[in-house]
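Contents: one structure, followed by commentary.
Labels run A, B, C, D, E and F following the written order; every chain starts at residue 1.
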Amino acid sequence: DFLHGLQHDIKPAFGSSKEELDVFLCQGILTWGEPVSRVLTDSALVISQIKNSDQTSLITMLLEGPPGAGKTALAAKIAKGSDLPFMKLCTPENMIGYTEAAKCQVIKKIFDDAYKSPLSCIVMDDIERLLDYVPVGPRFSNLVLQAMLVLLKKNPPQGHKLLIIGTTSRKDVLRDFEMLPLFKTVAHVSAISTCDQLLTVLDSSEVFTDKELQEVHRKLDGRWLFIGIKTLLALIDMAKQMESGLRADKLMNLLEDLNAIGYNQVP
Amino acid sequence: DFLHGLQHDIKPAFGSSKEELDVFLCQGILTWGEPVSRVLTDSALVISQIKNSDQTSLITMLLEGPPGAGKTALAAKIAKGSDLPFMKLCTPENMIGYTEAAKCQVIKKIFDDAYKSPLSCIVMDDIERLLDYVPVGPRFSNLVLQAMLVLLKKNPPQGHKLLIIGTTSRKDVLRDFEMLPLFKTVAHVSAISTCDQLLTVLDSSEVFTDKELQEVHRKLDGRWLFIGIKTLLALIDMAKQMESGLRADKLMNLLEDLNAIGYNQVP
Amino acid sequence: DFLHGLQHDIKPAFGSSKEELDVFLCQGILTWGEPVSRVLTDSALVISQIKNSDQTSLITMLLEGPPGAGKTALAAKIAKGSDLPFMKLCTPENMIGYTEAAKCQVIKKIFDDAYKSPLSCIVMDDIERLLDYVPVGPRFSNLVLQAMLVLLKKNPPQGHKLLIIGTTSRKDVLRDFEMLPLFKTVAHVSAISTCDQLLTVLDSSEVFTDKELQEVHRKLDGRWLFIGIKTLLALIDMAKQMESGLRADKLMNLLEDLNAIGYNQVP
Amino acid sequence: DFLHGLQHDIKPAFGSSKEELDVFLCQGILTWGEPVSRVLTDSALVISQIKNSDQTSLITMLLEGPPGAGKTALAAKIAKGSDLPFMKLCTPENMIGYTEAAKCQVIKKIFDDAYKSPLSCIVMDDIERLLDYVPVGPRFSNLVLQAMLVLLKKNPPQGHKLLIIGTTSRKDVLRDFEMLPLFKTVAHVSAISTCDQLLTVLDSSEVFTDKELQEVHRKLDGRWLFIGIKTLLALIDMAKQMESGLRADKLMNLLEDLNAIGYNQVP
Amino acid sequence: DFLHGLQHDIKPAFGSSKEELDVFLCQGILTWGEPVSRVLTDSALVISQIKNSDQTSLITMLLEGPPGAGKTALAAKIAKGSDLPFMKLCTPENMIGYTEAAKCQVIKKIFDDAYKSPLSCIVMDDIERLLDYVPVGPRFSNLVLQAMLVLLKKNPPQGHKLLIIGTTSRKDVLRDFEMLPLFKTVAHVSAISTCDQLLTVLDSSEVFTDKELQEVHRKLDGRWLFIGIKTLLALIDMAKQMESGLRADKLMNLLEDLNAIGYNQVP
Amino acid sequence: DFLHGLQHDIKPAFGSSKEELDVFLCQGILTWGEPVSRVLTDSALVISQIKNSDQTSLITMLLEGPPGAGKTALAAKIAKGSDLPFMKLCTPENMIGYTEAAKCQVIKKIFDDAYKSPLSCIVMDDIERLLDYVPVGPRFSNLVLQAMLVLLKKNPPQGHKLLIIGTTSRKDVLRDFEMLPLFKTVAHVSAISTCDQLLTVLDSSEVFTDKELQEVHRKLDGRWLFIGIKTLLALIDMAKQMESGLRADKLMNLLEDLNAIGYNQVP
């Protein structure tokens, strides 16, 4: 295991990871509608509680929503905004190819470091990925799961406080794992689903002409829409490769290819 | 395995762990109703038996109830109240990321230490977690399970006596594992389920105005309630972040978000 | 594996384990009814056969019955009563946390030691536990199972004789494992199921007044009863913590809590 | 693996194991009826073929029948009777607690040794046990199975001949494993199923009086019988512990306990 | 693991693998119809985006289609055509017999190398094979899958851009694995399915006489056709072994043997 | 693994294995009917293609048919007949008791050696056994399977050509494993199924008198027949142990015992 550690370059997890969080925020947070502001309000209450309360030493919050809805960016935003003295990111991106045991050690180290600071925040990104979850089977790492189930409940040492912000696109799986009730606050991160919300994003991208925006408006009439902000930003960038004037059309095609718009019922 | 031991820092389990138990009692035990006093009475009989009997050298008691109902705190309370000379806590919090084999060794060590004292008490907290149980599958550690099935039946050496207090929120799972009959006394730790019980807790929290308490009383009329004391204390602390006057409303909203109150039938 | 041996303290299994058997007999054997005497008679025939026959070098006997019915105590009693020169106890209590392979080695060592004596007896207590059996799955150690299936059939070396006494509360599981037919004699260890049997035990405990005994008698009228002697002795000891006069009542309550008495059909 | 070898004492498998076979023959072979003589005739043909043919270098024969029917004893008898220059016993009794890999090595060694002799015979006793087979699951060692599937088909080196005699009580399992067609001759070893066959055995045991034999005859009238010779010899030895005169009665009781006799249909 | 590395000769993955890609292109790309040109057009857009955009740093494209349709050759073609400075091939051909962990390390190394170049392209060929997928079970390497799920989402470091081109013939399996949505562009690589398309290929092969081509045309009338370009080229080569004149006949026979042509419905 | 290599004596796989192939041909190939000649014609085309084509560098052919139909012998015959400069046999007989990883290494070595020769042939005998396949479960070695799936598709290096001849009696299993389409030519090796075919074999064996041949002819009238040549040769050799005159009768009995002949439908 010692050799294993060397080989996998488990970096000392001590030290705050504020810059790491910036990576997820480089495209910024666009307040495209009420669902975004609601998440931000909810999280403000949680931040105030962890700072003020002397009753509660552990607060857990889950951001859940469809793939690409902006969960990771929002979690980073909230964590950074909280401005707590110690901040740590627990992400599958740092554990690629790790064994279950190595993953557990990394996670445990992050918590042990956090416990040393009087006021800390841990972002656990993409929980289903940390758990090596795949619906075929299903298969997952029970070792990591059990560690999490304990860590999400364990109080930090006397006089220390900890805020845990988790993200997931598989709320249902977390429920099956009996992990959901361990998050005392659950905030839903929505996909974009109205024409107005879409136009807010398109408008602020400065990629489309006014005429194109009107065209989009007209074409969406009477159709449903369901797309995460992350995917939408990617499609806009694709459309941008076309000449100005053709972009609205391209965007509509891309949305259709992804089944992100349709008549009748959202599938 | 030697290396493994080093790495995981298996502390010598010898020595009583009374302070460890205090951690679970820092919020105190509030006698919010008859179910609480009943558990305390039942346990008094058990304590008296382990002290007085010269027939019985092993007594096992299980505290079972829904998540957050106060099982761990009550187990700690009973253990401390018993004032037996040797007291040991067996909790998943001390075994995060351990392999099945390492868990077994820790548990065995705790029992071996207890057997050395003439009169001991072991608290086995969160048995389903000690077993690495997850309902998906289900999966669990059979190595730890088998060790427990033997330890819960094995008499301490001649002239020694042992009280084991277990806690679980999955009584049904323990029955499937044929572990339930090994607990000779089973006490139910209830959730709070009447308006009176709730008001007792709210009142003693000194967070709400009298008007707010009356408001809660009125709003609960004709509705069921089902919430563990631990969760309730957390919600009260959240509500406390609001200005006085708005807190009762906030509390009701939080209860509703958690499906802790409702009309018709408890789900 | 060498290190493993050290760590798990595999004691040299040589040497007779008569004192170990005494542990299971410290509460004595109470002949509370015909089922007890029948087991003792049956076993006498087996003992006589192993001593006298020069045809048969391997005799296998199984004591099966519900949990707490007294299987282990009876097996110890029969083994000790046989007064064979070499006696060995094979119990899961000595293998807590062992790997499948380590268990196999211990069991094999016990048999190898027994084969060295001209006339030996091995008590295999709690076979389902030796097999790490759990009905969820089910899971069990096939390595140990296969070792047992061979050992229960293998003749000791020329001129040596061996008696194997097994105990189990899962006769059905042993049948599924095709182990049951390897026991040439199967004796049923019964639970206590009549009022007379119960009163015999209560009476000899010297815990209850005559009036209390009559009360029990009256209260049991028209109800079924089903309880193992081990559990019953534990309940009597609990009742004893009450003041004289209240004990019969307490006992009845405890029996009811355990579903050990009831109207209509035994469940 | 080297250490493993040491620890498990894998004896050099070279050298013929004729004495080992004698162990299984110490009670002799009693020709209690036609089924016994038929197996012996069939095997004579096989022996003659392996000795005479220069076309066929590998002959495989399976003895299959219910538990205790005498398969192992007959295989030993046939092997010894063949008087081939090299004879080897492959039995689970020599592999207790071995890992799958160790079992494979032992089996492979036995075949490699046999290939060195111009004319060899290997007895593979209790194939389902060699395969660690258990119907629960089912579970078995695929490593051993695959080794066997190859070895039962692989021709010995040029100019060498090999006879393999297997035994099993789970012909159906061997069929599922696609092993059955690899045995070119399959002989059925029967249980005793007629009164005449039974009386032949009882008579030759010299345990019963003539009157007792007549009593058995009368009592069996109109009932079916189904018992292996091994089990029957054990019952006779048990009955022998009774006084003369009571033995027929005892035997009938024992047969009934085992469900070896009955009215109507064989179950 | 160090030894393992040595033994498996994990070559340093650094350095571009342009020549490796040539291997898959030695038979060239024949534009046999519209489906081929469409894939090439779609990919041109993707290439332009990765080169021009400063919003998007990670672009993922999947080529999916039936076995032998030309996915690998097209991926190689597109990658080479892109002329990005760093190009890397991730193919199961370089990982034969690797353990899951070794595969993960190789894949991770390829990405780490790519992250070092400002503009890179990785071809992940035969994703279902990289995952050790087999529909029986199904079985697959979850370790590799989880690594891929993260790598397909993880942004390269600030100021670096990466294009990932995957190929698969099991789009459905990738959907089950929740991997499909991670590919922002999905292009279908078609089988040849019209007579015209077939004749284009046959013609350009210069194997058949004009008369033979007409014969093929006539024989295909009213029948469906479904065959990958790779398989078709192999059949043409087989037919070429026949004398000129007989080749069309042979080709038709081979197509029929493979069920590549038929009446009624494509199966 | 190094130790493992030593222990299992993995011979350097370099060097052609022409003599090894002879072993499977010692009984010769009897052309008992059209099915035999068809396989030989089909394979001639394949041999000519691998020698002449400069388009195709990898040719794969599968011989499939019931157990004992002569697949291995025909594969050896074809390989030897091809007279390619490098010839290698990949057979489970050389991998008895190997771990999955060791099997993979051996197979990979065989291919690596073949790639070194400009024109090679590999016989992969008994593919289901190489895969450790058993229908119970089913279980198989996915490591070996994945290696094969890649190797059956991977082109040899520029300027090298390779012919792979596989054999199997479980074509259906290979289809489930998605391995079947990787064999571009599939030839069926038939069982003997007409009286004429049988008589051809019997006649050439010179074991039966003319009268006996006529007897067989008469007895087969109106019955189906289904038997592999390998099994038939074994039965003839058995019958040969009888006196001349009785042999036809014996043969018919043996065929009946094996269910190789019957009225009505082939089962």
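Convention: a residue touches a chain if its C-beta (ideal position, glycine included) is under 8 Å from a C-beta of that chain, and two chains touch if they have at least 3 such contacts.
Note that the structure is a prediction, hence the values are computed from the model and not measured.
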Of all other chains, the one whose Cα centre sits farthest from chain B: F
Between chain B and its twin chain C, rotation from the CA superposition, multiple of 5 degrees: 60
Same vs different contact residues, chain A with chain E, by half of numbers used: different
Chain whose Cα centroid lies at the greatest distance from that of chain C: E
Chain centre separation in whole Å, for chain D relative to chain B (CA means): 57
Chain E and chain F: spacing of chain centres that average the CA atoms, whole Å: 33
Set of chain D residues in contact with two or more other chains: none
Chain contact topology (line, ring, star, complete or other): ring
Running round the ring (origin chain D, first step to chain F), the chains in order: D, F, E, A, B, C
Residues of chain B that touch chain C when the two form their complex: 1-2, 45, 48-49, 52-53, 55-56, 101, 104-105, 107-108, 138, 140, 142-143, 145-147, 149-151, 154-155, 158, 176-178, 181, 184
Chain F residues within the chain D interface of the complex: 3-4, 7, 23, 26-27, 67-68, 92-93, 96-97, 99, 129, 132, 134-136, 139, 231, 233-234, 237-238, 240-241, 257
